[in-house]
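Per-chain numbering from 1; labels A, B, C and D assigned in written order.
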């Protein structure tokens, strides 16, 4: 498995935020976790609300915890709300909304996850995909 | 950004409670937070129930955490209940019901939030708007 | 038992803060609870740190929870640390340091508690005593 | 009060990590909070242990919560262990060890805090001071 480096995590944050600025999105917060679920790089733009960064991290945490992008968690929350509710006790802070994306290397192994919050969920996810592409990782947003 | 002073926060509490008395509302609790989400002034009228003040604070906390008035949180809770449920783990105590209002200065910057509980949600919100107006701040109740 | 009114709670906050200003103390936060442990009035001066108000409330909560002023909780924490440690799970946030003072009426009944934080513990307690005296309640700081 | 920008927070992280490399320190994690206690920038070097980043954040959170550098929290923990223990319930995750440094602007106002963990506490603090200096903020490590 490729290890996610700090350099890659920081480059991902920068590329995701650059995408948001290019698309004139609302101020974004971006959290990058490694394969262990540990935070490796993070940035919250000027103007983000008090807990916006924790929401971003909660999208990534849910993805890495369950091994699926948070778009899949969103679907599960609609289909089987009791399951996702129970995850709050298991995972801790977890946000089942699109914008939490698994990061896979060329072999398909999960090397981390990125979570973004600030604009609407689809835009948050688009910024995550842009960030992943910029560092040569395959993004898995769930479906 | 303008700093919310204790004097302004106390004047807001007094004006909101005066509005409630003038409209013969049920006993109210009023919590004023600054931009950090820290409680700055609070008053709970005689006759308020045991946790009424914590409900008021939870309306304001939700607003400041997500950067929208709690009327918007109420709508989100109806449209995407799993999202608001997940916020309990991110924000802590949060009450997604009208009556939590962002306070903005003349430049539009969020300088704090006020949360009120005791009467029905629309009346709680009206008291919050009256309090904000009395201290020259723009109230943003969400929509 | 005399009920603690909002008017008395607010007057107590004002008197305690006036005492702090007269003695040129550091910025103070003052929390007044009623006999149920419910917050009734609160004020945090300009310049108080992020969690200063929660520390003030934690002093008052400890006092009302155990029925002794927080100076007694401080002594217990030194003599029997395991007991006070266990109280964190029972009471929730509780701060076993002087400055949390029970409020008693003329019959000796506990009608509430006030907690103050911001200066050193002895000064915090002195401001609490001044506040209680200003509204004709007997302060019991513990010993 | 000066607002802490994302650009400044990121530059602080980079400068602190550069200092650690120059001094051949163990791998470091660096967390920068703004005046609200919200995370604004973060980086954890390759090789940091699973919770190293949360320790870094806990140093910064303690500093911003109580308004003193974590070196002062360390002293308090030795002199009055029951007080610092009680802060876990008030503040949440808090690490009372040097390496959590308040960031002040030219007027002396607290604009944020940085927490670093990875090497010994004195070295962690030295990296925090280097980071603050690089962005023109006054570092207050506590005493």
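FYI, a contact is a pair of C-beta atoms (placed from the backbone, for glycine too) under 8 Å apart; a residue touches a chain by one contact, two chains touch by 3 or more.
No experiment lies behind these values; they were computed from the predicted model shown.
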Chains touching both subunit A and subunit D: B
How far is the middle of subunit C from the middle of subunit D, if each middle is the mean of its Cα atoms, in Å? 30
Taking the mean of the C-alpha atoms as each chain's centre, how many Å separate subunit A from subunit C? 43
Hey, what residues on subunit A touch two or more of the other chains? 48, 50-52, 54
Those chain pairs that satisfy the touch definition: A-B, A-D, B-C, B-D, C-D
Subunit D-touching residues of subunit C, taken from the complex the two chains share: 48-52, 54-55, 58, 74, 77-78, 81, 84-85, 88, 92-97
Once bound in the complex, which stretches of subunit D touch subunit A? 3, 5-6, 9-10, 36, 38-46, 48, 50-54
Enumerate the contact residues on subunit D facing subunit C in the complex. 36-37, 64-68, 80-83, 85-91, 110
How about subunit D: which of its residues touch subunit B in the complex? 1, 3, 35-37
